[in-house]
Amino acid sequence: MKLTSVNQSLRRLQDPSLIIVILLLVIVVITGSVLSDRFGTMRNFMNVLEQAAGLGFASIGQALVVIVGGIDLSIGAVVTASTILMAAVVDLHPALMIPMIFGTLLFGTMIGFLNGYVTIRTGVHPLIVTLGTASILNGAVLIYTLQPTGSVPYWFEEFAYGRFWSVPVSGLVMLLCFVMVWVFLRYFETGRAFYAVGGSPDAAHLSGIQCNKITLIAYSASGFFAALAGAYFVSRTSVGDPRVGDPITLSSITPVILGGLILGGGKGNIFGVLLGVFLISLLSNLLNYMNVSTFIQWVIQGLIIIVAVSIYVHKGRKL
Amino acid sequence: MIRLEGITKVFPGVKSLDNVSFEAVAGEVHALLGENGAGKSTLIKTMAGAYTADEGTIYFDGNKRSWTTPKESKDAGIHIIYQELMLFPELSVAENIFLGQAPRTRLRTIDYKAMYESANETLDKLGHHLDSRVLVKDLSVADQQMVEIAKALVGETKLLVLDEPTAVISGRESELLFERIKLLRDEGVCIIYISHRLEEIFSIADRVTVLKDGQYVGTYDVAELDRDRLVGMMVGRKVKDIFPPKKDPPAKAAPVLTARNLCVSPKVNDVSFDLYAGEILGLAGLVGAGRSEVAHALFGSISRSDGGVTLGGEGFDAPSPRESIDRGLGFLTEDRKGEGLIMSLDVSANVTAPALPEFTTSLGLDRAHETQAAKDEIKRFRVAVPGPEYGVNKLSGGNQQKILFGRWTRTCRRVLILDEPTRGIDVGTKVEIYEIIRKLADEGLGVLLISSELPEIVGLCTRVLVMRDGIITGEVSGAEINEETIMKFATAAKEPMVQSVFLGEAT
Amino acid sequence: DGYVGLPRTFLWNPNFNEVIDTSDYGGEGPFAIGFSNASQGDGWLGTFYHSVQYGVSQNLDKIDRFIVTDANGDPTKQISDIQDLLEQDIDLLLVNPATADALDPILGRTMRRGVPVVTVARRVESDDSFVSFVTASDTALARMSATWMAEILDGKGRIVLLPGLAGASPAEMRLQAAKEVFAQFPGIEIVDTQYTGWSPANGRQIMAAIIQREGVGNIDGVWADSGLQGSGSVEAFMGAGVTGTDIPPHTGGDLNGMYQLAHENGFPFAGIDYTPSIGAAAVNLAVDVLEGTPVPQRLDVNFQVVISPGHETRSISADVLLPDYVAMDQPGELIMGSGIPNYDPNSFSVDLPN
Amino acid sequence: MNQNIFVRRFAVLCILIVLISLATVVQTSFLSPSNIQDILTQAAPLALVVLGQAFVILVRGLDLSVASLMASIAVMATAFNATSNAMIPVIFVVAIVVSAFVGLVNGFLVTKRNVSPFLATLAMMIVLQGIRFYYTQGAPSGSLPDGFRFLGTGRIMGIPINVLAFALCFCILGWLLHKSSFGRKVYITGGNPTAANLVGIYADRVTIICYVICSVMAGIAGLFLVGFVGTVDNWVGRGYELDAIVACVIGGVALTGGKGTLSGAAVGALILILIFNIVIILGLPVQAQLIIKGVIIIVAATLFSKASRA
């Protein structure tokens, strides 16, 4: 077992894209610590961990879909819809807080399942399918309410702001999710099948893997984690917000790519995605410390994507 | 064990199985024989539920089955080694071998330790030692084929099908594979074995079923057969009727194409030869020998790492495909769908693709001219197609291939490279194509013919180069050209044998 | 010139505006102020930010650190921004909330941490989430422009409402206030209400579509809560071939372009700027808080009522007449009421603490 | 070319006809010349972007940076602070050059660096956005020559100028794609890049040119949109990137490359604008268009994927 895991980790390190993201992380941390005495503190890193949770949840889902060779552009819409659903219902019946947490997660999972189902049935490119779903969801939400609405009990804020021995609860939950997904992908047949399906659907099919089942699981999971992100945002803002999800869709892709997954699927380690999430969050945190305008932040983020992805040239261009 | 009755499978353009019945029993090695495109793979894919037959029924273990997915047949105990590698490059060797049936720990998680160990054992049994932890993408094609085979040896298998497992391996490895197969047979496993190498059939098969152009020819005990009858049944006519009479090239003409120490790292080393106008030069070898790379390197579609090439006497180094085409080189590629045709376009667009400049006027493309050109080729090669506006994706393999011939003969003035020109084509069309090739040579083209079908090489070529692992291991010409000699070189030891022909110029 | 009396809302607001004792926050300068800006996404916000910087530059002796973050409209990022600001031990948090509700929790926590919060332009729900709220009163602004619209139409006509960014509290408050007013005039029929995101582009597209539907002559007035989309609406009418005084009465200030259109065409027009100068006012109030000077829980900043000549109504008279206010020589994108002496957004720069 | 494309054209037209008849039922004056003019005027800028996007999608690509580019070009135009209309040609030239460069970079990343189009153009989108906002500090404040207003809203013989501009581009690009040998190269490259290289077509070159075309069209569209809107803001054309892709898909240009026509894409753009108008006409809240749009995307795409399978 030891030998194996050593060997595994070695192989993981051979993956150039992982080296890149780790390198970038180191650079960010070092520059930060040099430029600001407050950046390098545990307190701050704990804050970043807390702030990263939302993006983290969304990226896990995105990663799972990307591994099976798809892409999910409905994540933002699901996040939004979840916040509205949760906050609106709980506002009317505060007693339903706990059930609604599960209700929301179920809702997200169902939307994801729908995405997967349509993709399989129609053979339409997932990019289009999920774009359609997103459009429909957003439309429905915005017709229901244009402004932030609803509320949740005060104690629910603890999910976003609470600390467990100075470690943010939300951050812990995120890390837990990453670990669970990693174990799933690495130690369960179904998890390995994700890579098979993403790597070569035809071969997977002929090898007796139920590609449709795997695809459905992936998209459902994506929906689930989007809803989880939604719950996080509700507890962070205490309202349902009809726009909160908009930036998430695209920003959920960045960490996935930085983490060494490739659009087209079949490859990548979920921990790479975690590193990607940290990189993005630390970067924005650092630039806040350096009092750099968001506009520069955009430029830097874009450049990082280009650099990271084009340093690691992979075979076969895919959408 | 398995019985198929009246199976018919139609693909757009081809009827690849026509009312075929087939039966194999437990404890036998049953060979499935037929030319390229005879329908062997289709038949087994139907067995596996990868294709659903248009007509006919499948019986497995005595009861009627109608699989809709490969999973069902797999669960029932059918394991198939497909012709194309079914491997996942990003997963380790062990993970590929045990995909879907990995050893579990008490927690139902994958037990990697156990998996790696038993994977190594399985490979050792095949006499093929490699670390089962490495990723499959880092393996050579031959190693990948061994992994593919190893998959068959794990888990419960009642029916084992091997579709051309030895195409990329040879010698010792095949021997060990055959031992395994015999063991399994004695354990009562039913084995269906597909190969183009007749000697293999004779060495391990008990019975053989022959398919021809998707039709069932017959099932025989190997004991009561000899080689010629077998070939006769596969091909359906006498060999001499298939191939046009050979002609030697016009004597002592200067070579139209010369290659010296051509290298493509890492797959091709020091390939040197001359090609004369009017001759058909064969390039034989096992799949993976590097022949396609040679062809690509000559054509300029992959870059040469070393070596000098001349075309029509002038230097021809580092050309682009465009330049090659302009200088009269044509290259009909191995993979019709992947590298040759543009499936989304119609016949005329496919024919004129390399010669667009010729059809471009100041007003843009001259459609009338294009259509005319396409019509000519259709007539010339007797392509069965309604018209130039017809989509190539709806043509049969043979007609698609003719379209490609049409494409290249229009532009090609000096040398035509043909990589597996008859793959997956019915025998009738094959004969036509052989005549076409002959005719092109007679018209003064130098033809370089790459083929894995030895009969083809033997029947057409006046001279044959044999490759193995990226080097030329031998040249045979005239009377020496026969399958045995060629196979000897094709599976020969690595070091190049002295090639008297080139000693003069090469050094 | 213009109106210099007490802020109208202060005069009219029936509720008492309690004075907050800030002595617990009071201390010795110089101070560190963190400014969490919602966004600089449109012209108004850009000028508003300039006004904030102007305010800081006026207090250089008292402010030695001034840290800015910009959430580009994303409340969740703004929460993170605020956390990052707090980590840099600021003495006071000045915030322009992206949305009213979403920031309540984090601002509450900030206050409980002992860091005073001053919200500007938008307030948040609960009173104990901030010390003071600086505004130019959306309610008053909308009530006056709506009243003018109703009266210029003699209380009857078919009008279109073009509110700003759906969900943004200023837009919602103004819309609500306007509706209250129009409810007083049974003759006024609201044909359609469409949010415009304070974008000239949307304003124009939406209005063009509505004109198509209603037919050119059948719209008697357009109430826009800002000239940003108001100008788009006027453009739509001109695009449909309606020009000059044929253009129905419009409202909406802020954008010089709107004033220019109104001045050139001469249609009845009432413009009220939601003055970006609240930025500077907020900074000054923040300094007061830090010095322990008592501050009102709600600080109203004056605005000017600008009306085209001859179009004053019974209850709404002009503080300034359009010709005296419009800056014809300035670009249309200029935002009015910055309160910065001879303001030019391009060349604007002030020296700030590091 | 082959009957798949017929099926496509037919499907698109069906959707178009349904929408138009729906609109005319609700509002009889819908097909009045003036109304048609208005709709075309609104559709023109998006349609311009769609023309370019179609080229990229035909070569198996995708360009998410177009909207960001439109806004950036618009802002750049104001940076001249030009007042005389004489500057307009200059502005156009500069805009085209800059856009072309952006397209070049996109194309380079996609072909030479093998970055997936989605990412390359996504990154480009973010970078442009950052530069733009940094330059304007959030609030663009230059001014444009009045001539732009005329370009955006003016008419020649009753025909809106930007519609004329679209017609012109449509003819040029239509000739390029459907009549010239370059167009054929586009279809070959999109249909089978490997084969393209093997028949002596420089697939990478073709692809890069397509990205350049796309960006240039976006730049031009940006200028016309500014002219149409009257004032520049940093989000001019926001959302056009996805709308353009959606229009192409609705119009039958397959994301898998090599299939579809320019006219189809243009119709797709028209359909999107119609959805917007119809929602207003029906007196529905603007948001409702999102729902309709979503449904139509999936339905249309499904039609085509069925069609292309048959």
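Structure notes:
For clarity, chains are labelled A, B, C and D in written order, and residue numbers in each chain start from 1.
The criterion applied here is as follows: a contact is a pair of C-beta atoms (placed from the backbone, for glycine too) under 8 Å apart; a residue touches a chain by one contact, two chains touch by 3 or more.
Computed from a predicted model, the values in this text were never measured in an experiment.
When the interfaces B-D and A-D are ranked by C-beta pairs in contact, the top one is A-D.
In terms of their C-alpha centroids, the spacing between chain A and chain B amounts to 44 Å.
Centroids built from CA atoms put chain C at 74 Å from chain B. Chain centres here are Cα averages; for chain A and chain D they lie 30 Å apart. The multi-chain contact residues of chain B, meaning those touching 2 or more other chains, do not exist; every residue touches at most one other chain. Shared contact sites, meaning residues of chain D that touch two or more other chains, fall at 133, 137-138, 285.
The set of chain C residues touching two or more other chains comprises 195.
Checking each pair of chains for touch leaves A-B, A-C, A-D, B-D, C-D. On chain A, the positions that touch chain D within their shared complex are 71, 118, 122-125, 127-129, 131-140, 142-143, 146, 250, 253, 257, 262-264, 293-303, 305-306, 309-310, 313-315, 317-319.
Across the complex, chain A is touched by residues 60, 62, 109-110, 113-120, 122-127, 129-134, 137-138, 242, 245-246, 249, 255-256, 285, 287-295, 297-298, 301-302, 305-306, 309 of chain D. Considering their complex, residues 45, 48, 50, 69-71, 73-75, 80, 82, 84-91, 95, 99-100, 102, 108-110, 112-113, 116, 133, 135 of chain B touch chain A. For chain B in complex with chain D, the touching residues are 299, 301, 320-322, 324-326, 331, 333, 338-346, 349, 353-354, 356-357, 359-360, 363-365, 389-391, 407.
Contact residues of chain A toward chain C in the complex are 38, 41, 43-44, 47, 50-51, 54, 142, 146-148, 157, 160-161, 233, 236-239, 241-244, 246-247, 284-285, 288-289, 291, 293-294.
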